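Below you'll find the structures, each written out as structure tokens.
In the two complexes that follow, chain A is the common piece, with chain B as its partner first and chain C second.
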Partner chain A sequence: MILVLIDILIATVPLMVIFASLFAFTTWLERKALARIQNRIGPNKVGIPCTRISLFGLGQPAADGIKMLFKEDIVPRGADRLFHLLAPILALIPAMLVLCFLPLEFPWTKSLLPVQAFLLDGAVIFFFAITGLNTLAVFMAGWASRNKYSLLGGMRAVAQMVSYEIPLVLSAVIVVMMVGSLNAAVIADAQTGFNWFVFSPWGFAAFIIFFIAALAETNRSPFDLPEAESEIIAGYFTEYSGFKFALFFLGEYIAMFAISGLAVTLFLGGGDGPGVTMNLVDQGLATEAFPGLTVIWFLMKIFALIAVMIWLRGTLPRLRVDQLMGFAWKFMLPLSILNIFIAGSALHLMAGDRLADLDETQPVLRQLMEGANLPVVAGLWIGALLILYVAAKGLNQLNRPNVRPREYKYAE
Partner chain B sequence: MNEEIAFWILSAIALLGALVAVRKRNLIHGVFALLVFFAGLSGLFLLLLAEFIAAVQVLVYIGAVGVLLLFAIMLTERVAGDDDRRMTSRGWFWGLVVALAVFVVLLLPAITSPQNQQLSSPEAAQTIKPSVEELGKKLMDPYVVTLEVLALLLTAALIGAVTAAQGVRMPKEEDSPE
Partner chain C sequence: MSLLGGGIFKGMTVTLRNFIGSYFSKERLTTNDYSWRPDGDLPQGIGDYPKEEGEQLSDTTTVTEYSRNFPMLLHDGGEPMDTVRCVACQICERECPPQCIYIEKDYDENGKYIKRPAIFDIDVSVCMSCQICVEVCPFDAIVMNSQFELSTPDRFGGLLVRRDDLLKSNDYYHQIHPEEAAARDQKMAVEKAAKEAKKKAAEEKARAAAEQKAAEAAKGDAE
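Coming up: the complex of A and B.
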């Protein structure tokens, strides 16, 4: 009993500590990067206390954290006190919970391998199921605050998350088709040796769709309508202050890490990289040059995706509500369904007459690539890319807004 | 031992959630209590090593049905969601009797069947293959027609719902550049 508890702590505490400290670092990185994009300097004063060392402002997250802790916690008079308290907690829990479905194997968890959550047969489904709970937390916050703007933000968030979950899941289906398993470790294992799924045309398209939908799922700019400060103040957390607000912030960033981690697992090879060989068959997730190398590769890939998110936030303006919904239902959804068709038919054509003697326990794509006719594969891949490109262009053309050129009455 | 403790905790959560969901007059509180009940149920499925059903329980019931309920409340007029009076109903006694009867009918076969006394849960886990894989094979091989028909039905329902929600369409205005 005690031993089980200790094992649970060994497996979970490092995840929470590592990702929470990465959160602190990311807030600094984001402020710095956004500042450079906007031709500012960003935080540069706070460093080691009581000295004049500023370390490029790296002490800023700690200062922010302390500030949040000591701020007054204000609950509006009309608010539902219980739900107002529970919402930030409910926002954080699912984000933290899904981290255990990422195939991260720390050196100290090697002995725990058979009981790791990412080895569940439905790890990917679990991931999507639990990320969906975030919607409820946002709604809860919006409703409990008893504020029109909060409620508007909550409703926007629910509509947006529900819409973008569909392309998110449909693009993950592609990977499941190529592997033949929902187990996160098996998916990472199937991409060993730079056979990342992002390098196949349908995988590439799915990765782009997944990334855009992930931006919308985590309420990142340009999809940050639920918290659009120029329209509805701060959306669902208008009425939150102090540490409750910090919890929302933390939950949002942890969700960002989690969904980037899933993107890395599904499309970018998980912990694969130079010096690492994934082999689930032997003990452990991977053979690595030195312990912890897979984790380092994994986190570096996550950070590459986070950097793109920050870059997009500094570059793109926010969408309008109708543009947001139209983009999800009229562009992303048809494209991801088409992508599934393309992937299915391409895999079928690659298999040819070998379809019957595929080994069910091995990854599908790897088996198909072994002994495949190279010109046929190349033709298929170029054809798939062409179809996807034409489809994306066509959908874009169909979704053109029907607006006239603006008439200037007095300015001619 | 561990499983038993987990079972009791999860059952208590589920029962409490269900009770609050029925007793609360405040609709939003009721919905969230119902979601707590679903979460407890999902934990119980997980305890039975049916992880796919547990995941789908979270995905469909908490993720989809919960959001649907909240949307319905939000879109319904004259439901403010905060009425803190207690719910009382005159037929509660007969309701209780019916609920108990259903409970007993459901539970009797489970208790009396001889198979259940032999197989404890870890043994059952060893004899049963991973559920997701088996389910996928069954869906894609013997039941593929059923699956397709169901998918068609759901798509038809979706299109029907959109058409019904759109109502009568106004004649389109001419929007040529001139």
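Coming up: the complex of A and C.
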């Protein structure tokens, strides 16, 4: 019993430590990148305390954390104190929890495979189930604050997160169809040797849809309506200060890591990369050049996605509420359903009657390519891309608001 | 037919260009590195930033010549209160939206109004830098300063700027906002010329009237 507990601690504590420190680094990175995008300098003063060493302002997250800890924790008089306290905790716990389902194979967890939570069959389903709790936390915060802006933010968050959950899950279905398993580790292993699902047309389309829906799910710009500071102050965490606010902030970033991690697992090959070779004999599990290489690749891919998120935040203006809802229901949903049909037909046309014989422990795309003849595959891929593009373009035209083009008097 | 999502990529290239460019060209940076770091690059401003810790900011320290912060009172050099342009007409006090200006007129020992303020206070904790006082002033006496280093340990008295601290010379104005100061000087010169011309015209008219009257009187005498 004790041994199991120790194993669990060994498996989970590094996750918390690593992702919490990555959170600190990401806040710095985000401020720095946004500043540079706006031709500013960004934080560059705080470094090692009591010295003049500034280290590009890398001490800023620590300073922010200390500030947050010592700030007064204000609860509005009319607030529901219990739920006001519970909401930030509930925002953080699901985000932390789903980190366990990412197929991160740390060198020190190899020996304790039995407690590796990510070996759960159906990890993908579980992931979506747990992240769905985030909606509850956000609405709880909005409701318990007894503030009009908070409630507006909470209501917007519920509408947005429920709407974008659907394209998110539907685009993940593509990968589940191709692999035939819901186990995150199996899905990652089925993409070794650069057989990433993002390299197929339907996988690429699903990845784009997944990424956009993930942005909306984590309330990131341009979908940050629940906390739109120019409209409703800070949305659902208007009435939060001090450490509770810090917890919300932490939860938001951990959720970003988690959903990026899922995107990496589903579409970007998990821990696959140069130096990781396919091991076709031993259950398809990849062998790495040195221990921990897959983890490094995995985290680097997560960071690439985070960087794109920051980049988009620095680029795009916030959507209107009706645009947001229209985009989810009139554009993303039909496109992801069409994508499922395309993926299914492509799978059948390429694999034919071999479909039942596909080995889920081997790279899927490679197996599909092996049997089929090249012109058919090429035609299929170009056809799929064309259909998806035309469908997206058509949906875009259909959703165009029926107004005449705006005439700019001074601009352009 | 444009590429789907092309606008997003266009925007992203713009932000990427700014991101990378800000590392290579210092001209892009809209803010200056306000630092006591000895190795820090000096900004391209009019005044210099303090390079050593504890060194005071010079009076002309400013970010760019277009920066405006809080109002100041102008005088034309010499003893400030002798050449102050403000006549304590209190137009700015009445127009100020957040009511941050307080003015009292100055009187000599006989109780006669002399055209200058006895008290002129601006509460910079209330001032919103709207420049309406600058717009309404008929004497070009109040303009915007660009000094920003105003932090003080005293919340109440420290942020109430008194008349003597508000008084700045026109030369200083030329130093911090050269373009605007030159334009204002020119405008004032034109106004002065117009005023003088008008005065002259009035004088001439008066003289002509007097002459006519004299002529009429002479005529009447002749009759």
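What we mean here is this: the second predicted complex is superposed on the first by the 377 of 412 C-alpha atoms of A that agree within 3 Å, B and C clash if a C-alpha of one lies under 4 Å from a C-alpha of the other, contacts with A are read in each partner's own complex, and residues count from 1 in each chain.
By our rule, contacts are C-beta pairs under 8 Å (C-beta built on N, C-alpha and C of every residue); 3 or more make two chains touch, one makes a residue touch a chain.
Values in this document were obtained by computation on a predicted structure and should not be read as measured data.
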{"item": "Combined model on chain A: chain C and chain B, fit or clash", "value": "fit"}
{"item": "Contacts of A:Arg404 with chain B and chain C, given as first, second, both or neither", "value": "first"}
{"item": "Which of chain B and chain C A:Leu55 touches, first, second, both or neither", "value": "neither"}
{"item": "Which of chain B and chain C A:Thr315 touches, first, second, both or neither", "value": "second"}
{"item": "Superposed arrangement, angle subtended at the Cα centre of chain A by chain B and chain C, nearest 10 degrees", "value": "120"}
{"item": "Which of chain B and chain C A:Ile89 touches, first, second, both or neither", "value": "neither"}
{"item": "Partner chain(s) touched by A:Ile6 [first = chain B, second = chain C, both, neither]", "value": "neither"}
{"item": "Contacts of A:Asn39 with chain B and chain C, given as first, second, both or neither", "value": "second"}
{"item": "Broader residue contact with chain A after superposition on the shared chain, chain B or chain C", "value": "B"}
{"item": "Shortest span in Å between Cα atoms of chain B and of chain C, once chain A is used as the common reference", "value": "23"}
{"item": "Doubly contacted residues of chain A, that is, touched by chain B and again by chain C", "value": "none"}
{"item": "Residues of chain A that touch chain C when the two form their complex", "value": "33, 36-41, 44-45, 52, 54, 311-312, 314-316, 389, 392-393, 396"}
{"item": "Residues of chain B defined as touching chain A within the complex", "value": "1-2, 28-29, 32, 35, 51-52, 54-56, 58-59, 62-64, 66-67, 70-71, 74, 81-82, 130-133, 175, 177"}
{"item": "Contacting residues of chain A [partner chain B, same complex]", "value": "1, 4, 80, 83, 120-122, 125-126, 128-130, 132-133, 135-136, 139-140, 143, 155, 158, 162, 181-182, 402, 404-405"}
{"item": "Chain C - residues contacting chain A, complex", "value": "1, 4, 8, 11-12, 14-16, 18-19, 21-23, 28-31, 33, 35, 37"}
